[in-house]
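Got a structure for you, questions after.
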Amino acid sequence: MIELTREPIDTTALLQRIQSPAAGAVLLFLGTVREFTAGRQTARLEYEAYETMARSKMAELADAAVERWNLVGCAIVHRLGTLELGEASVAVAVSSAHRAASFAAGQWLIDTLKDVVPVWKREIWSDGSTEWVHPEKCPTGAPPPSLPESRA
Amino acid sequence: MIELTREPIDTTALLQRIQSPAAGAVLLFLGTVREFTAGRQTARLEYEAYETMARSKMAELADAAVERWNLVGCAIVHRLGTLELGEASVAVAVSSAHRAASFAAGQWLIDTLKDVVPVWKREIWSDGSTEWVHPEKCPTGAPPPSLPESRA
Amino acid sequence: MRIRVQMFAIARQHAGADSVELEVPAGATVGELRESLFRRLPELGALGTRVLFAVDGEYAGDASPLRSDCEVACIPPVSGG
Amino acid sequence: MRIRVQMFAIARQHAGADSVELEVPAGATVGELRESLFRRLPELGALGTRVLFAVDGEYAGDASPLRSDCEVACIPPVSGG
């Protein structure tokens, strides 16, 4: 299950999708809108995506994780539009026979999603100013490989 | 939030308890009843606990994790009684400003819970036979420290 | 002194009861209680030092002394989660 | 040939539009497109090689050739999650 949505992420539905008698472990990670960053106060965030590519990259990541960790289930949902404090911007949910695979896959998926999926967030600070967030990464200018670890 | 319950674990309520504008990351781990173990088929599981001590050990683990990883929220729920295939036997939910702390704390909590919290499960195999599960651990006979890593 | 030991899981199964009562010398240790319990329940004794004991809700090593008013529990290898 | 480049986030902001059209030589590479785009939008150029490009939905290095019917997108540093 790969989804971009403008509605709040339904974690119950997400968990139901990946739970299975074949799994002994389920892991759900949520990225949520934090109020303070380095002392500055956020009022809300706005997310936009290159939607077709974001969907295909998210699907690629899910397929790679399922293959690499032999996952039972894998779902990734990213929210777009305006998000209030505390709301979830992204959800990664995986299930596996044993727990080590779920932890490793969950961490890899969120790390890699943040590196390669074309989604951007804009801070709306509490003083009304706005700012596109552009993490200091990829200084070499080389395009990130689609699947940095799993197929390198 | 520390709980032993005979009802299905309510993950939505659990997540609401630990979500906060102070957190940028939320992690939920569920242990679920798997159908096959080394080729043998499970019909269901039965869990029992030394309830007073299990609650106090779970609370100790939560307190230690909050302190060590500076968590925003931490909740542990363990189910007791008869569980059907696919149901969650344990839920660990944590939130933190950044995601590394949530992953590290979630993994430590479930690992340590399985080592020190006095809860036992009995396999009811599909052929009707039953068996208490006793992992091959603690071969030295030394009691496990209450908090193996955080206060050692 | 008389010590009531709460029994769980496979220990309860071998005992056929939620608890067993053992007579040990005044000031006896957890180790002495263990020996007495294992003599009573040899099948449990087969698990050896993997069987732990809790005194008043805390794991207690074999050297720990007991009092007659302690809450004592026999803790076979745990398997929660 | 004429290439329409989809613009997102800070790139869209600097362009003032969802896309820009650039005239590049037939067979031009992503690198040549980058130079042309950065000449048009120097503020975007200040991000340098941290700005990536996607051709037909895949990241494409500066040596990648373009065709007039490619779907091209300018990808400033991503910040999803």
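Some points to look at:
Letters A, B, C and D mark the chains in the order given here, with residues in each chain numbered from 1 onward.
Assume a contact is a pair of C-beta atoms (placed from the backbone, for glycine too) under 8 Å apart; a residue touches a chain by one contact, two chains touch by 3 or more.
None of the values given here were measured: they were computed from a predicted structure.
Any chain touching subunit A that also touches subunit C appears here: B.
Farthest chain from subunit B (centres taken as the mean of C-alpha atoms): D.
For the pair subunit B and subunit D, the distance between C-alpha centroids works out to 49 Å. Measuring from the averaged C-alpha position of subunit A to that of subunit D gives a distance of 25 Å. Centroid to centroid, with C-alpha atoms defining each point, subunit C and subunit D lie 72 Å apart. For subunit C, the set of residues that touch two or more other chains is empty.
Residue numbers of subunit B whose C-beta contacts span two or more other chains: 31, 110. Chain pairs that touch one another: A-B, A-D, B-C.
Of all the residues in subunit A, the ones that touch subunit B in their complex are 11-12, 15, 19-36, 85-86, 88, 95, 97, 99, 102-103, 106-107, 110. Note for the complex: subunit A touches subunit D at residues 31, 47-50, 52-54, 56, 78, 89-90, 110, 113-122, 132-144, 146. Residues of subunit C that touch subunit B in their complex: 6, 8-10, 13, 47-50, 52-54, 57-62, 73, 75-81.
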